[in-house]
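Heads up, the next two complexes both have subunit A, just with different partners, subunit B and then subunit C.
Here is the complex of A and B:
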């Protein structure tokens, strides 16, 4: 088959697995771009004063692209695009998703969003509004805020289409015998994440659209001199963007559950607690906590006390998912392969990230901590790094299924350890100097020369992270080309996706799989 | 699995749980003393340091317990032969409910405990002493412009007398800025169309950094100021001197 034909087949594909792989390629490209931005920022900050650029504007463009692209272009598409598309139909025993064409449209919209981001590097006035886009700066800046708005809208529409598709698919296309109580934890996590997307994405869409109206059409939604209000934007923005943390958290912890159950060859501990207490609790609480992002903007006290209690309380459902995860190790048979190392890395990183979030829930402690490197360190541990480890572990885990081949175990483990050491060097240091008062979003820290050594250490740590992740990607590419044959089920998993050949053909199984009455995706060991 | 080992397992589980709830009980027991201590401290910055230390101890204990349990399970239940599978014990409804309700109780009690202490401290941040000096602040790209009660202006250098609580009433003429004094554990955004405030209590003479904590524009990282705490007499001398200069300037304008 010629290259043109192959390309056409992939671009116009409606096969959920190919759509998923397109999402993976796009989101990994976004990860590479956003990661490069992080490297440039760390190089800039490696010394006091201007280092690799004399132009603070340039630094702000890197900062914008790092944040916006990592969240909107990498984590959300990798989790709710790649993993959801590739795994959900296979896990529930379906031949495809409910609306394959809608699925193809969603991946096209995603690529359009990535293209808009890339165009930002070639226009004379790239956006420099952080991933938050707060007015009045986003309205006053000479940077092109419309690019920000259109990136958000395109990726938002992509995920709304995904949401409609997956809620329908799981509701109506489960194979006979795959009941609601026999769904993989990952499938539940995707349902919960898409429920949140469908509720909250329109709010973000509204907020960023109004910004562009203010800037280009002369409206005054956020202009106090004509009766508008600045904080309305922040409230709308965080009304989506705090739940977005759980839109990332639930699928990534879902992937980790799959990995841990398979490599411990064990049932998921207290399945109902994880699904209903954990994910259910998160869905119920996630919309009531956003004001903790506005603790230093003069919010009224009644809003603070409520939000402080709900924010602290969300540690309850989140804690239940972690108890489920750690409990899954109990009486298991644990094998420390590369995906399992990443999964355990997630447990460790998330533990640090989750616990360091407790002070940030407290309205009085946040008076000092808000807007410092402490916040940056915390959310990198809890979401950015933990999520990325889960994505990398998940890609390793499903690699034999996707390619039919094995990756190199030694290279995989070296890559993991380099990254793991690197992230702790960077983000632990970040939290330490944050508590000492280092403010975030600084191009230069000439008024805080005491942090020079810490910044040097962080820049050094970045090299470990970069080499570690690059090794993983090289490992996948080499494995896909000439890895050993993997067979249908190299890990000995009981879950349905491992019952078909690797890689699965279009339609996944010759016939829809039939499962026994006592089958369960986590039915390991003697069950009574 | 025999009944005996199930009982052993159960007692182990309960033991772990009790251990987990200990720090909560321990810190709760100290709550009464703490209240008395808070009453003595008049300063939110000291209160901040105190609560920060307590919360760090709390989360460190929880983190270490979780990490040790996980490490123990990882070592104890590692796979010893390639075909080995897990041997999960039978799980009944009572265990499922217990393993949900008890962690919920433990987490929630710790959460509410932290929330109560945090709210106490928040009240301290909001109760501005009556004997304060009120200074107006207008922030802009990229400077802090202070106006003292007697009309004296200052830019980027906030001179205050030691021993007097200082309150800033803040607004902004362009984007959002955030007046952050790390050494006094206090910051608050200033923005157009709203008046926000913060206060702090300078004690010893000295100099402290003021930085902008909210991304406000290209030169955000250079938006810095200096807090100069002066002995009372020195401050009065400077303050009255500035006021006299201001009066002279006004007189000159009037004469012209």
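Here is the complex of A and C:
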């Protein structure tokens, strides 16, 4: 096949697997950009006083590009873009998604959003609104808030179209015999995540649109002098952005379930509890907890207490999913391959992140902790690092399916351990100095010289993380080029995606797969 | 199961492609984000117009190409998908209304200073037009179900006319209010008023685009029942949202 033909079949593709891989490439590029921003911030903080820049706004620009791009450009597209696209049709035995062209539109809208992010590096006034875009700063700043808005709108629109597509696909295109009770946990998690996307993304889209209206068109949504209210932005923003945590959490824990069930050779423990109690509970509760992001903004006491109750209670469904994971490991024949290491890493990191979140839900403690590095550390454990480990583990897990080849196991394990050590060096230290009073969002901490050594340690740890992730990416590229052939089912999984050749052809199977009555994606026999 | 299945057997196989999604996505990029930024952030109207001029044909051409590819096929799933899309759309309106209710219920006095009398007759007429357009869209659908093509076309065109009348009346009314000094930057009520009615108007226009996108191939003899049902579902949604808009921002 000629190069032109191959290029055409990739760029104009409507096939779910290729759309998925386009998502993977784009989100990994976003991860590299946002990771570079983190490195710049860590370098800035490696010494007291201005280090690599003496312009505080420059630090804000890095913070914006790190936060917004990691969440909107990397994690959400990697999980609900790449994994959903690549795996869901294969797992339910469909030849493609319900709307292949709409799927291609989603991925190119995502790339359009990435283009806006990249343009932000070439304009004189890059956006500097962190990832939250709070007014009045976002309305008064000289930075280009419109780019922030349009990044969110383009990526959000891509998410909504993805949601429409996947909810329809799973509802109507399951192969005969793949009943609702035999869906992979990952498919359930994608359903739940996309349901949340459809409900909450529009609210974020509205909120960020209104700040651009206020800044550039002269409306007064967030201007108290004419009857507007700044707090409505924070409410609208967090009404999406708290559930966004679950939009990321559910798919990443879904990926971890796939890995753990396969490498522990075990049925998923309490499948119904995980799906209905866990994901169902999260979907029901996720819209009632956003107010805890406004604890220190000011609100009546009764609302503080109510929010504290809802916030603490959502840890119950989240806990149910973790119990399901640990129960799946119990008495399993565990095989410590690279994907499994990442999956177990997720369990460990999420446990730390989850438990350190409980004090933050308690209003009397959060008043002291909210503006410190404790929050940064907690948040990175629970969502940033746990989610990223799940994504990397998931890419390793599906790598033989995607490429038909094997990665290098040794390099994979070295990469994992470097990253694992690095993240704990960085984010554990953050929580410690946070409790001791190191405020967040400072580009210069000259007033707190006692934290110098800790900051140096964190900057040092960043190098471990960078090298670890870079090794993983190099490992994939080398493996895709000249890894040894993997065969259709190297892990011995029972799930449907492993019944076709690797990489699967257009249409996935010659015929829609037929499954036996006693087939189950986790049918590894009775617990011994 | 053999581990030696040929890995590269898809070589030479055909992979479906379509250029239109890519064209539309980047058309949207030029049409909205770039032209808005060029005009309102960097004050370069000529470049903004250039960007609009690049984006608009990409979107329209893309939509036309897409429709012509899709019109013959489909598995009849677009209607349930539209249901999910409507959920998302409803949430956009919910956030506008939440913002409005919050501001209004915490306001010291309402309407805020500088608000002229909001017209009462025009919105009533507009409501009649839009609600009846839902019935004509339904009549067209019923005509199609009975296999009566000309009934379908007739009611479908009437729906378009009613929708256009609605949009024009909305424009006349905006013009009237703005000439009384009730511009969108006047106060929180004007800001909310124009954003909610404007956003709804944009949805009416989008619905009209969908109706036209079904009409043009229909005139050439190609009717996809699924598309008709889907577009008409969206039209009903736009209609129902209007009842919220009119009751909240005009008559409350």
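The rule is short, and it goes like this: the second predicted complex is superposed on the first by the 521 of 528 C-alpha atoms of A that agree within 3 Å, B and C clash if a C-alpha of one lies under 4 Å from a C-alpha of the other, contacts with A are read in each partner's own complex, and residues count from 1 in each chain.
Going forward, a contact is a pair of C-beta atoms (placed from the backbone, for glycine too) under 8 Å apart; a residue touches a chain by one contact, two chains touch by 3 or more.
Bear in mind the structure is a predicted one, so any value in this text is a computation, not a measurement.
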item	value
Room on subunit A for both subunit B and subunit C (clash or fit)	fit
Superposition-derived angle with apex at the Cα centre of subunit A and sides reaching subunit B and subunit C, degrees in steps of 10	110
Touched partner set for A:229, first subunit B, second subunit C, both or neither	both
Touched partner set for A:217, first subunit B, second subunit C, both or neither	second
Which of subunit B and subunit C A:335 touches, first, second, both or neither	first
Which of subunit B and subunit C A:205 touches, first, second, both or neither	second
Subunit B versus subunit C as contact partner of A:410, first or second or both or neither	neither
Which superposed partner A:179 touches (first subunit B, second subunit C, both, neither)	neither
Subunit B and subunit C, minimum CA distance [Å, superposed model]	12
Common interface residues of subunit A - those touching subunit B in one complex and subunit C in the other	228-229
Subunit A contact footprint on subunit B (complex, rising order)	44, 47-48, 51-52, 55-56, 58-60, 62-63, 66-67, 69-70, 73-74, 77-80, 83-91, 96, 99-100, 103-104, 107-108, 111-112, 114-115, 117-122, 124-126, 174-176, 178, 180, 182-183, 185-189, 191-194, 196-197, 209, 211-222, 224
Parts of subunit C lying in touch with subunit A, wherever the complex brings them together	1-22, 24-26, 28-29, 32-33, 36-37, 40-41, 66, 69-70, 75, 77-78, 80-82, 84-85, 87-89, 91-92, 94-96, 98-99, 102-103, 106-107, 112, 184-189, 191-192, 194-195
Residue ranges of subunit A touching subunit B (in the complex, touch as defined)	56-57, 60, 128, 130, 134, 136-137, 140-141, 224-225, 228-231, 264-267, 269-270, 272-273, 277, 296-298, 301, 304-305, 308-309, 312-313, 315-316, 319-320, 322-323, 326-327, 329-336, 344, 347-348, 351-352, 355-356, 358-359, 361-365, 367-368, 370-372, 435-437, 439-448, 492, 524-528
Subunit C-facing residues of subunit A, complex	1, 8-9, 11-15, 18, 98-105, 107-109, 111-112, 115-116, 144, 146-147, 150, 153-154, 157, 160, 163-165, 167-168, 171-172, 198-203, 205-207, 210, 212-213, 216-221, 223, 226-229, 232, 235-236, 239, 404-405, 485, 487-490, 501-506
